[in-house]
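Chain nomenclature is as follows: A, B, C and D, assigned in order of appearance, with residue numbering initiated at 1 for each chain independently.
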Amino acid sequence: MNINNMASKKIKVGIVGGTGYTGVELLRLLALHPDVELTAITSRGDAGLPVADMFPSLRGYVDLSFSDPASANLTACDVVFFATPHGVAMSQAQVLLDANVKVIDLAADFRLQDTAVFEKWYKMPHSCPDVLRDAVYGIPELNRDSIKSAKVIGNPGCYPTTVLLGLAPLLEQGYIDFSAPIVADAKSGVSGAGRKAEVATLFAESSDSMKAYGVAGHRHHPEIHAQLTQLANADIQFIFVPHLIPMIRGMLSTIYVKLTDAAQAVDLQALYEQRYQHERFVDVMPAGALPETRSVRGSNQLRIALHKQQAAGYLTLVVVQDNLVKGAAGQAVQNMNIMFGFDERSGLEVLPLLP
Amino acid sequence: MNINNMASKKIKVGIVGGTGYTGVELLRLLALHPDVELTAITSRGDAGLPVADMFPSLRGYVDLSFSDPASANLTACDVVFFATPHGVAMSQAQVLLDANVKVIDLAADFRLQDTAVFEKWYKMPHSCPDVLRDAVYGIPELNRDSIKSAKVIGNPGCYPTTVLLGLAPLLEQGYIDFSAPIVADAKSGVSGAGRKAEVATLFAESSDSMKAYGVAGHRHHPEIHAQLTQLANADIQFIFVPHLIPMIRGMLSTIYVKLTDAAQAVDLQALYEQRYQHERFVDVMPAGALPETRSVRGSNQLRIALHKQQAAGYLTLVVVQDNLVKGAAGQAVQNMNIMFGFDERSGLEVLPLLP
Amino acid sequence: MNINNMASKKIKVGIVGGTGYTGVELLRLLALHPDVELTAITSRGDAGLPVADMFPSLRGYVDLSFSDPASANLTACDVVFFATPHGVAMSQAQVLLDANVKVIDLAADFRLQDTAVFEKWYKMPHSCPDVLRDAVYGIPELNRDSIKSAKVIGNPGCYPTTVLLGLAPLLEQGYIDFSAPIVADAKSGVSGAGRKAEVATLFAESSDSMKAYGVAGHRHHPEIHAQLTQLANADIQFIFVPHLIPMIRGMLSTIYVKLTDAAQAVDLQALYEQRYQHERFVDVMPAGALPETRSVRGSNQLRIALHKQQAAGYLTLVVVQDNLVKGAAGQAVQNMNIMFGFDERSGLEVLPLLP
Amino acid sequence: MNINNMASKKIKVGIVGGTGYTGVELLRLLALHPDVELTAITSRGDAGLPVADMFPSLRGYVDLSFSDPASANLTACDVVFFATPHGVAMSQAQVLLDANVKVIDLAADFRLQDTAVFEKWYKMPHSCPDVLRDAVYGIPELNRDSIKSAKVIGNPGCYPTTVLLGLAPLLEQGYIDFSAPIVADAKSGVSGAGRKAEVATLFAESSDSMKAYGVAGHRHHPEIHAQLTQLANADIQFIFVPHLIPMIRGMLSTIYVKLTDAAQAVDLQALYEQRYQHERFVDVMPAGALPETRSVRGSNQLRIALHKQQAAGYLTLVVVQDNLVKGAAGQAVQNMNIMFGFDERSGLEVLPLLP
């Protein structure tokens, strides 16, 4: 029996593409969300299959079956999440909006306002630039007010969330010296590659080993660059090197920035603590501490540590999150909570799993 | 701020020995338990240290510091959990009972009614056989009524929980042919060895490798044997071989039994489904399915699958649980819920983390 | 430069299907084999690609490119290894034999003498029963003399090697009581599933978790059963449950047998030590010791430990090997060494990688 | 039987401190070294224990027992390796040198020529500055000529080897613009922490998670800084952040440098290929390729890849090695080979273990 059936007044939620990791993660978080009724989960390839047959972890909590995208009555929902490959959300967004359904896309369709950049990196034309123009980039700690009234959310990429929340307090104060590039050396668990049958992410290929990838160019580079430029109101040089780490979940970004002379006289630890003091999901570590990715495993927390370097004028930031939660599904639920006026923490009060 | 401070009428809970894995797991589950106020967590070596400094996963959820066992006011609690080495609970139980405090011991002090067996395997005399006599072996699905009125619970070992819940339906019906030994080939994640500084459980020693251990004799053998004998009302032969598996959490027991002739004519799948149909935390898998340990990661679920062998008359049972939850801290909370008349699921509605 | 070009008189070796794990493992072992010249490595899909581009671990040691199976001049080889899916070797064996080329098949085509059993489990008719009849089952420690003169070797499955070498000394002496089934609870690292793009063996699916599989029937069951029956000269009951373990390489089989009354009076430790005293690649552990899989990582060693159970009359055997070496490619090279009169250890004196 | 006893004219080798990871790795490499006779392996705590009892991977290859440091006749050796904590080698070096025994220290005693820096970072005075003055920093690809005639080698730290070999071609040509700091974001497998019983490196603590550490200051920082300064003949700014990765072995350093204007016009790929064309153990990856750590697992190879960044003027270097081989024991054996005029590859022709 689905324990969600007990409640009274809930919003109807649909998920398009429920068979990937962001899909199952949405289900884990929404199954116990007090204000949500899961209404439809679509999958072209697995229509008819009970969701809990594919993901036995959901046995007893989710009794829906996958439905075919064509027949799923998504326009009856209040909000639809797209946990799909790039390009799907933009093909369906207008129909949903016309039916007064809100859209939260966990792919890239509504992240880049510059459609030329989108087309260059995603190898497809953008099919609804009008919708895109009104879409909001969904990092609540930066854009909460816009999210409240948004009808379409471009949920950020996992890497961008760490870099942007890591740098925002400095950028807002003009404390970064742009004569040197910002360097983000980022590390991700393997679930970031998705639930796709590929040799490179087999256990026997990616366990007990690591590598850099996408050094020549990664899709999150333009996304981060665009947001940084907007936050800085300046054109900046940005170097981004992602790495694949043999862990299921978890992301750690080590960010190197040159501080302005003014910034070097400031108590940056205090600045960060004040900037995020009312943010439930952003945690500034005590001075001297360093966060492990497991300290956020399964939770929507993001933790930041600051360390001044011996090399004069440089600051190192270490930012961790669970790539599937604050880096994807959790942030999407947080956006939904804001859009519908729920407590921002609803469904997200899940403690990290340690060990 | 500790979110537990908001509630009104809650029981006061103490934890003795909060620095091990069962201790931090109790904290994870109890921090959000609606009927519980965490009152004291003791640690001789770390008194004064904020709990969240040792376990940053608890930042924002637990604001207690470790207190010294000598000064912690445990007699003011309603219940005290012992997440300590063997021998500690029995030295303190009588004082707590005298103060009307209930005791749940996650170590072995109250698991074995035969003190001679206890002394043989734990190399210490039992210091309170009177208390032991009234203690209840805490598997709710087998002993719920006794647990309701118990003042002292011997919380079962991790391995025994899988073997006993796996075999109970057969034993209750007399369906096992004892002319052959019961064989339990059990596999545990490394957290089962505890949070102790030892070379053998270092990452570089135990990753990407596995081994059998304790083949000559493991402390859970007499515990399981005693319970099996009681359930069977017969003396049985029992072979138990545990293995260490390179995963953090998770336990899988593969159990081989010879069925009686009568049992071979029975629909055992139906028997198991009926036996556990009202048990929230025991899940009988559909015929033909096999459970993965990750399907219960972080949750109090235990899953069982049955498979008849080609070799005539044999049945194989596959049982999985999270060794730190249903195998330890989760079962302890479940016992507490029963002892205090709470909803048995309180604090335990946590979905497994997959992937 | 390929360091193999320096030698004088070597046999020419071909490998059909060099892109899987047994293929690359053959390359690792043969690249430094003093008596071997690697002549051709075929791959339908990757013809033309330098082998070291796919497997950078071979850079500087193997300078061949994959060649198309159609154009590779395999009949000019002295021996051809098939590291292919089931069914390929039997389609090409006769042509090679006609050209006086020896064949070592690492798949199942020449393992099962009963073609009806083969067809049942591998879902294809056997295309060359005549060749099969002369093929030798390639476990050197059991069949060395036949291997010396063999032209076709059916290289054993990984699981069968552990079970058969573990039980051979008992079976040869008639020391097993067949009134109880032999139970083999076997555990394998994920590389055993091969280098195929599949969701189930992705890192994010199979890390930090384990499961039983193939309980209803595994292809190695009939293979082991046939060999056991032959060794025992009796029909036996055999229960086999394989498990998938989150490690790259390594296999551990825990075997439970009932001893005859005669066997219970015998020093079985001494029996095993004598049986294998001249075998370089079979190591009987000292009494009381238990082997870890990492103690054989990357090497052709197989280690066996014996433990008598408290339950009267039962013996537990623990056998470990590297599934890709003694369980596949290493054993194949050992067979080749015997077939060509080389030192049986040539190319196989590689120490295990620990940690 | 120890297969090393068969040879005729070999040097006598002693190892002080054979129970850690660099110790067992020396044993793995030296056991099959054609020019070496293992003479003594010392361990204060385990004297008398057969080495193969502690490390069963060596069964059949090493039949020595650990001897007490006091009674081991090290002065009869030709060379002694110190695989000990910092401070041990410098206390014994003079005695060995007086007996004409060469010394290769895998700890830090002979790495830093500035004793004040040594004392600051290692919290002990340097006890033999005279010996230190003649010691050679043992990276063969940079200091081969000095190593040939050296009597004492300070074997480099694991991190320094990656950074120095990664940057040497640029530094030798004056191609780095020192107006920006060099940033080395380095990642190491857990074996780098050594075989010490500590909670932080337990499997259950460090698996499926990662972290930065030593951001406030790591002992390899002054070591790298001193060598960079010497190579550059200039004072440079250097930022170094190490990270702990859930893998047994393997190290990957991602290095960010600003190029001079002159360098930007140069074919740096060609520069690197030429610089290292005769180096057996340094492999420059083809343009565009990126190395995985597993491509060097268990071998003495170090691989380098170069990638120009979009941010004008910056170059990213990715360098991988096995931290226990080229980062420790393998490099030590390479140094020994040079010191004694052996083929530099002797004992080191071991192919990487992949998968």
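By definition in this document, a contact is a pair of C-beta atoms (placed from the backbone, for glycine too) under 8 Å apart; a residue touches a chain by one contact, two chains touch by 3 or more.
Molecules present, by chain and UniProt name: A, B, C, D = N-acetyl-gamma-glutamyl-phosphate reductase.
Note that the coordinates shown come from a computational prediction; the quantities given were computed from them, not determined experimentally.
*Asks:* Could you tell me which pair, A-D or B-D, is linked by more C-beta pairs in contact?
*Replies:* A-D
*Asks:* Farthest chain from chain D, going by mean C-alpha coordinates, please.
*Replies:* Taking each chain's C-alpha mean as its centre, the farthest from chain D is B.
*Asks:* I'd like the Å distance between the centres of chain A and chain D, where a centre is the mean of that chain's Cα atoms.
*Replies:* For chain A versus chain D, the centre distance works out to 40 Å.
*Asks:* Report, in whole Å, the distance between the mean C-alpha point of chain B and the mean C-alpha point of chain D.
*Replies:* 45
*Asks:* For chain C, what residues touch not just one other chain but two or more?
*Replies:* 21, 189, 191, 195, 204-205, 207-208, 246-249, 291-292, 294, 297, 355 - these are the residues of chain C that touch more than one other chain.
*Asks:* Spell out the residues on chain C that touch chain A in their complex, using ranges where they run on.
*Replies:* 21, 189-191, 193, 195-199, 201-208, 246-248
*Asks:* Can you list the residues on chain C that touch chain D in the complex?
*Replies:* It comes out as residues 3, 21, 24, 28, 31-32, 55-61, 191, 195, 207-208, 248-249, 280, 283, 285, 289, 291-292, 294-299, 301, 303, 324, 349-355.
*Asks:* Considering the complex alone, what residue numbers of chain D touch chain A?
*Replies:* Listed in rising order, the residues of chain D that touch chain A are 180-181, 183, 185, 187, 189, 204-205, 207-213, 215-217, 221, 237-239, 241, 243, 245-250, 252, 254, 256, 288, 290-294, 297, 305, 307, 309-312, 314, 316, 318, 355.
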